[in-house]
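Letters are used for the chains, namely A, B and C, taken in the order the chains are written, and counting of residues starts over at 1 for each.
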Amino acid sequence: MTGSSRAGAAIRGVATIVAFALIVFPILIVVVAAFSPNDYFQFPPPGFSLRWFAEFFGLENMRSAFALSVELALASATIATVLGTLAALFLARRRGAIGALLQSLFLAPLVFPTIILGVALLLLYKTIGMPVFAGLLLAHCVVGMPYGFRTVLASAQALDPALEEAGQSLGAGPLRTLFLVTLPLIWPGVLSGWLFAFIVSFGELNTALFLTGPGLTTLPIEIFSYLQFQGSQLVIAAASTVQIALIVILVAVIERVVGLARITRAR
Amino acid sequence: MTAKYGWFLLAPPLATVCVLFVVPVVYLFWVSLHAPSTSELYAASLTLHNYVDLLRDSFYLTIIGRTLGVAAVILGLCLVIGYPVAYFVAVLPPRRRMLALLLLLFPLMVSNVVRAYGWVALLERQGVVNTTLRDLRWIDAPLDLLYTPSAVVVALMTILLPYMVISIANTLAALDRRYEEAAQALGASPLRTFVHVTLPLSTPGIASGTLLVFLLTLSAYVTITLLGGPRSKLLVSMIYDSVTAFQWPRAAALAFVLLALALVFTALIVALLRPGRVQGTAR
Amino acid sequence: MNGDMADVRLVGVRKRFGGVVAVSDVSVDIARGTIFSLLGPSGCGKTTTLRLIAGFEQPDAGDVYIRGVRVTSTPPYRRDFSMVFQSYALFPHLTVAENVVFGLRMRRIARGERARSVDEALELVKLGALADRYPRQLSGGQQQRVALARAIVVKPAVLLLDEPLGALDKMLREEMQVELRSLQQRLGITAVFVTHDQEEALTLSDRVAVMRDGVIEQIGAPRDIYDRPRNAFVASFLGASNFVEGNIVAREAGVNVVETPAGRVTVRADRPIGERVRIAVRPERLRLDPIDGEGIPARIRDVLYRGPVTHFYMDSAAGPLIAYRQDARAGEWSIGDRVHCAWDADGAVVLDEAPAKRAASGEVTR
């Protein structure tokens, strides 16, 4: 963009600093608090201690909530990505009204208020008697599918259609074309879709709020319950930091494999 | 790809979306049209009372009003702060822009409960803000910052700001800079160029950012509860309360009122901003 | 020529997309070992016709035969052909050698034989040293050769090429035209290619089909189509042409005399006296004689020097005329001069004004 006035630039600079401070600071507080040796939060922190992490891993319900969240995220992200990939491959070259309609349908869970979906699914599950973990898993599959769909669609549409035709002209049937030509070229989209689906599932609240049950809670819901009924405790800071750490590691790993450009463009 | 293989690709995801998304939502609507029951999920008789009673009850109307008010303030703040930030990010050189976008993306990956907790830790009576102010001897007794609508507004605004910034930044970054150059060649000052060229061309990003923030504000139960407490309940809190009280038809009706608000707002934004008329020009 | 010798045969093929007819009743026989080109402006249906032979499009009516086998309902991966795409479509995730061997893997050729064939093919296109590179590391011309090697290594019954030289600059294109032709003749492969460049079609092909709006206007050897275009479209598509109208006034020994508003001219044809005709004459066949010579009187409006050839633009009572003179001496003719334009009867042809359908249907071979 072309140059503009100094005043404009100053406004933008100030706004950016303020915005980043407001956005990042609360998260920073939580991470710092997790390492505090005291019972209460102090800024600047007086020392460094891992006691809260020890307490976090020592608490049965925290541990199992963490384990459940990881299992749930792994399973739902994988299923969601497979489903999203299938949908994207179907729609990649399809034009016309039906194609557009289907595309809106597959992207709908992204914009639809997930809280309503949570209520609706709980009602349905209660009516038909669905076990808790399965219900949660299915909910997260629906919530995660648009992410896989979106990134794979972008990758598949960016593919030169002549490549698949070239494969066919050389004798590769539909299945072999899919595995030898299409998938090797769209796998970064698949992987970044999986990453988003995992992260979304891991931090998901609105459906888990309704669909978790006694003994079967996800980490975010466990943190929420703690906050509501036992007040602000630093073990929560540790739990939160563990969640953040997992995300950082995952993003770093995927970034190595797929590249920064893919992740940011995927959004 | 030949047509017959297409069915194998389409069937699984389509079935999933229909069974786990369309069906439950339609079922919920169906339930909202039934009378409540104490022994079962809902009674057999059909009625519109759930909606009628809701919309005649001043209590619920107040809640809806408060919800819209909170959403309006959050939207306003996100736009006012978010647009300049988006502009800043959009004019950065590509590599730094990607870094900035990643920096914005990262907080969105952290669960909302964690981000809300951060604000609780900041605003509570023994929180960072109060402790700092007392240490600086600016106040004697701790301020009651938490459990107010303002707390909800501040927290939710910062949680949702990245969505607004990313939406607008992506649109601005994709703009052909020749539009602005053409305006300046015709004699427009930077300010007028911005108002008459850049701003209108960025309406798609503004529209999508606004819709996203509004929708997420309506659904942000955890943040609203943690920061608003029992006295600052919004529409979504009512839905949760109805569910825990096993009042399914009421919960369903409230849910569709929420959905109706979302749809009306979407229609409003599309009509007001008309993002469609720009869509073919921004590349 | 009968159908048995044809490697590719299209019979009454028709294809429409939505409301648009892309290919309308096309019938063509392509003999083994020849290069056949589909020539025409964009939207004429030439690419669709090629894709119908390949199987990427299914015809709404008609049949496609490859080597006598009816392949109309056979999917592309089971037809005996290979294709060079306009964008080359080299697999970016495979090396040059892996790209070339792909078709052999599909046909389950043994590994040793595969490697030998790949080496041979790469040698043929002079890219042996680049076998381990990736497509993105190659220049446009090199990528084009890899695409070619990949297509010929499988020894297909027919090789299809979709504007294969379109992305190359002029010099490279002319070089590749020569190489392509020599390669094809060496291997004896039947080739069908699509182009909008009439020079390319005339250079490379054994036979050319000129298409317009889904219909074949004329098929024939390059020289035949050029010298004796069937109608005004073909005449103007394959280079410039002069058009002159008039009535037949005499007819003898295979030559017609035509009375035009500017005088009498001859044309090799056998039309009845009194018929109104339009004749086409190539600019290079026009002789410019000093005034009082035979032919149509005209006045030079513009002179354009174009290196080996000089263009003369003239006005006459029979309409505008263009002449190309080679070795025109500077100052031989200048603007404003009055000349007489004449041509031999063999240099002119009577155009068919009938609608295009007549030209396309029932066209077999020559």
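Everything that follows uses one rule, which is that contacts are C-beta pairs under 8 Å (C-beta built on N, C-alpha and C of every residue); 3 or more make two chains touch, one makes a residue touch a chain.
Not measured: the values here are computed from a predicted model.
Undergrad: With a step meaning a move to a chain it touches, how many steps does the shortest path from chain A to chain B take?
TA: The fewest touching-chain steps linking chain A to chain B number 1.
Undergrad: Which chain has its Cα centroid closest to the overall Cα centroid?
TA: Centroid comparison flags A as closest.
Undergrad: Please tell me the distance, in whole Å, between the geometric centres of chain A and chain B computed from their C-alpha atoms.
TA: One centre to the other, that is 17 Å.
Undergrad: If you average the CA atoms of chain A and of chain C, how far apart do the two points sit, in angstrom?
TA: Between these chains, centre-to-centre, one finds 56 Å.
Undergrad: Could you tell me the distance, in whole angstrom, between the mean C-alpha positions of chain B and chain C?
TA: Going by mean C-alpha positions, chain B sits 60 Å from chain C.
Undergrad: Among the residues of chain B, which ones contact at least 2 other chains?
TA: Answer for chain B, listing residues that touch two or more other chains: 2.
Undergrad: Two-or-more-chain contact residues of chain A, please, as numbers and ranges.
TA: 174
Undergrad: So which stretches of chain C touch two or more other chains?
TA: Touching at least two other chains: 75.
Undergrad: Please output the residues of chain A touching chain C within their complex, sorted ascending.
TA: Residue positions touching the partner: 160, 162-163, 165-174, 176-177, 180-181, 184-185.
Undergrad: Which of the residues in chain C end up touching chain A in this complex?
TA: Residue positions touching the partner: 54-56, 75-78, 81-83, 85-93, 102-103, 106-107, 150-151, 154, 160.
Undergrad: Within the complex, which stretch of chain B touches chain A?
TA: Residue list for chain B touching chain A: 1-2, 5-6, 8-10, 12-14, 16-17, 20-21, 23-25, 27-28, 31, 41, 81-82, 84-85, 87-91, 98-99, 101-107, 109-115, 117-122, 124, 126-128, 131-132, 155, 157-158, 161-162, 165-166, 170, 172, 175, 177, 180-181, 184, 189-191, 193-194, 198, 211-212, 215, 218-219, 221-222, 225-226, 236, 239-240, 243, 248, 251-252, 255-256, 258-259, 262.
Undergrad: Residue numbers of chain A touching chain B in their complex, please.
TA: Within the complex, chain A touches chain B at residues 1-5, 8, 11-13, 15-16, 18-20, 22-30, 33, 40-43, 82-84, 86-87, 89-90, 93, 102, 105-106, 108-109, 111-117, 119-124, 126-127, 138-139, 141-142, 145, 149, 164, 174, 199, 202-206, 209-210, 219-221, 223-224, 227-228, 232, 236-237, 240, 243-244, 247-248, 251, 260-261, 263-264, 267.
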